[in-house]
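Below, subunit A partners subunit B and then partners subunit C, in two separate complexes.
This part shows the complex of A and B:
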């Protein structure tokens, strides 16, 4: 299977337009303004999809697609949106009618989301009657992904309202063979799907090494819980990272590929790792030694992350000394995106989440933003059979 | 034996100092490659623990300059970088040992013993 990166841009646009259409429909039905916050395409293991819906109750619809695009779409509202829609469309109605209103709204929005795809493919996409969904985590995931082992492409959009009362997500998971036809390459520089998968696996290995390094340095048990490669309009990267406050480091790397690696801890996690490295009383500000410890941790995690790429590609990737950051995620990403936007419209955002199950405190996200054109070259040069050569023992070289 | 520490991280310098000062004399601490060369020339250490990723001048360049002027210099790269190409570059620059961060005290002392023993 070959992937035409340019056609990914087209499909990302289609997903965004579809989500805009759904947002407009919802605004029309409820009178509440909504907007598409972010749309992206992710390549990820199905098991990682469950993190989309952790920590909340959702309801919505699942619709099966057949024809020019075969697969599944799930549209979910969070609890506040579910209440808002039912209150507006079925005020004072019984539970059955309120559920029916959610079902119908989901149906209308999903149709609007899919129509653009059918127009683009100049073909018919049949949609099944909606199945009502309610629950959290895997309860509201596309059924297609439940037992799948292979990485899947997921088209996702997040729509938000200013008040936060009408937010919803759309996930589209096409079947692989259907995507093969939809993404049939027209350009010479198409990338084999296998290479994208392998590169994603290499990135996960790098994140695992970074996580191991955190454990070695701090004693905190860690694990890589989510790893995905997102394809996103470059100006939407800050929104994809979100507005939560983070503490961490930013590094620029140069070589093949070049780009940026941003390592972000939520505040309690940052305090936990720094306290493990340099136990000392603090007044809430980050002292020079604490910043130095955080930067060194970022330095070591960065090497763990990108060394595997260099070793597999038999190349060399340099990285700058880390810069300490403490700000909202979107604000940290904005200057980076500003520089990248001079040369590219879309970005591959490699996103890995490191967590711990032991005390629920530790959470760290790694965001790698390789130069898009250079990543294409890397994928072209990548020898799949060298994919496991990520680690080199110095004793074997010296 | 006098050991020069070159690392841009204050945290990492303090960690290395803690490990080394029980056994060795610290001949100085440099924050970048240029300072490392200057302190090497001033203090004539027996061994340099050299980071790679440093501002102004990286550790491999600094190692090359030190071993050019003193072919007997003993340098151990002490770095987070685990890339094979960088290891080869370090050998070309004259480094005799290579420790990857994060490290444990025994592995640091063992690598020093190996390099000093030749």
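This part shows the complex of A and C:
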């Protein structure tokens, strides 16, 4: 099964246009300006879809697709959006009517979203009647894919309003065979689906080693919770990371592939790891000593992460000394993306989240941004049978 | 309607992402996550129409396949054109600029970052187009959020170190 990377660009555009059309419909219905904040394609284990629904209550609709594209679409409004829609479309109505208004709006938006795909494929996509969804977190996960054990492509758009009162997510999860058929790889440089999967798994084991290194250094228990490969227009990488405040490190790596590794802790987690390394009272500012502790941690995590890649890819990858950062995630990403945008229009954003199982205090995200052209070359040369070589085998070295 | 080149007319807040712009005659236009990128507000206070552009890189260098609003030079040109269509008088436009920080200290920049180049390009392009630069809060190493009052051109800049500035 081959995937034509160039056609992913087309499909990313289709998903974005579909989401724009849904956003416009919603603005038309409510009079509130909405905006497609980010659209991306992720390759992930279906179980990791739960990451899309962390926290909060959601409601919306699920529709099943059949025909030219087989799979499902789930559109979810957050709690504020649900209230806004019901207040605008069914003011003062009872719970049943408010639910119907969500169902109706969800149905209109998903139909608009799917129409663009049908037009592009020049074929019919049958859609089932909408099923109403309501619940917190994973209750609204796409049903069919949730237990599958092979990785799936997920097309995801996040639509936001400036006031935050009308935000929604729209997810399209096509069945794997159906997507590959629809993508119709024609280019010579199509990449086997399995290689993308292997690369994604390599990244996960890299993140696991980085997490182990955190545990060794700080004594904090850690676990890699989510891992995904996102394909995203380069301008949209900062929005994909978001405006939350983070503390961490940025490294530039050179070799095949070259790129950037950004390790970002939320503030309480950053304080927890630095306290574990440099136990002393501070006044809220990041002292030189704390910054250098964070950089040392970044160094060790990066080595764990990158060595696995280099070993499977049989190439040598070096990395720069870490730079300390403390700012909005999107602001941290902007100069990195600025550098990448000189030579590429789309980015592969490899995103792993490390968390603690216990009290949820510890949360760290690793974002790897390999050079797109070099990653394609690397995938081309990748031997799938080396996938389990992420650990250094002393017999091979000596 | 909204960016790129869209016109907001609902009086709400309009949010602009990287490589986009919006123009409006009422309400507020906002953008966040300004690191090395710029936030450029260009407005005509007499006509009561304003804009916000969020470019990432200095110059487009004739590469017409790339989105104009990604670059300071082509972005400003696109905004000026759209403002003219919205009733602004191109000869009375004013501008305010923020952003251009070095949030990540790349040693390979040799002290001259993307942010520095963006700021310099904005000054040059605005001067060349005869647009008076009446306020700026630029450089440093902090991320910023920018809000533009579309009708008046009033600008608020919030820095992540907690310092707010009115331009």
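Convention: the second predicted complex is superposed on the first by the 392 of 398 C-alpha atoms of A that agree within 3 Å, B and C clash if a C-alpha of one lies under 4 Å from a C-alpha of the other, contacts with A are read in each partner's own complex, and residues count from 1 in each chain.
Operating definition for what follows: contacts are C-beta pairs under 8 Å (C-beta built on N, C-alpha and C of every residue); 3 or more make two chains touch, one makes a residue touch a chain.
Since the model is a prediction, treat every value here as computed from it, not as a measurement.
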Subunit B and subunit C placed together on subunit A: clash or fit? fit
Requested in this report: Using the superposition on chain A described above, determine whether A:320 touches subunit B (first), subunit C (second), both, or neither.
Outcome: both
Q) Now for A:288: first (subunit B), second (subunit C), both, or neither, which partner does it touch? A) first
Practice prompt. Mind working out whether A:310 is in touch with subunit B, subunit C, both or neither, as first, second, both or neither?
Written response: first
- For A:250, is the partner it touches subunit B (first), subunit C (second), both, or none of the two (neither)? second
Answer with first, second, both or neither: which of subunit B and subunit C does A:22 touch in the superposed model? neither
Which superposed partner A:299 touches (first subunit B, second subunit C, both, neither)
first
* With the two structures laid over each other on chain A, which partner does A:216 touch: subunit B (first), subunit C (second), both, or neither? -> first
- [ ] Quick one: classify A:238 as touching subunit B (first), subunit C (second), both or neither.
- [x] second
- prompt: A:81 contacts which: subunit B (first), subunit C (second), both, neither?
  reply: neither
After fitting on chain A, the minimum C-alpha spacing between subunit B and subunit C in angstrom comes out at 9
Overlap of the subunit B and subunit C interfaces on subunit A comprises residues 320-321
Interface with subunit B, subunit A side, in the complex: residues 213, 216-217, 277-278, 288-289, 292-293, 295-296, 299-300, 302-304, 307, 310-311, 314-321, 391-392, 394, 397-398
Interface with subunit A, subunit C side, in the complex: residues 2, 8, 10, 12-15, 17-19, 28, 30, 32-37, 56-57, 66-67, 70, 101-108, 113-115, 142-145, 160
The subunit B residues in contact with subunit A across the complex are 8-12, 14, 53-55, 58, 79-89, 91, 96-102
As the complex stands, subunit A meets subunit C at residues 31-33, 35, 37, 160-163, 235-236, 238-239, 243, 245, 250, 252, 320-321, 323, 325, 327-339, 341-342, 345
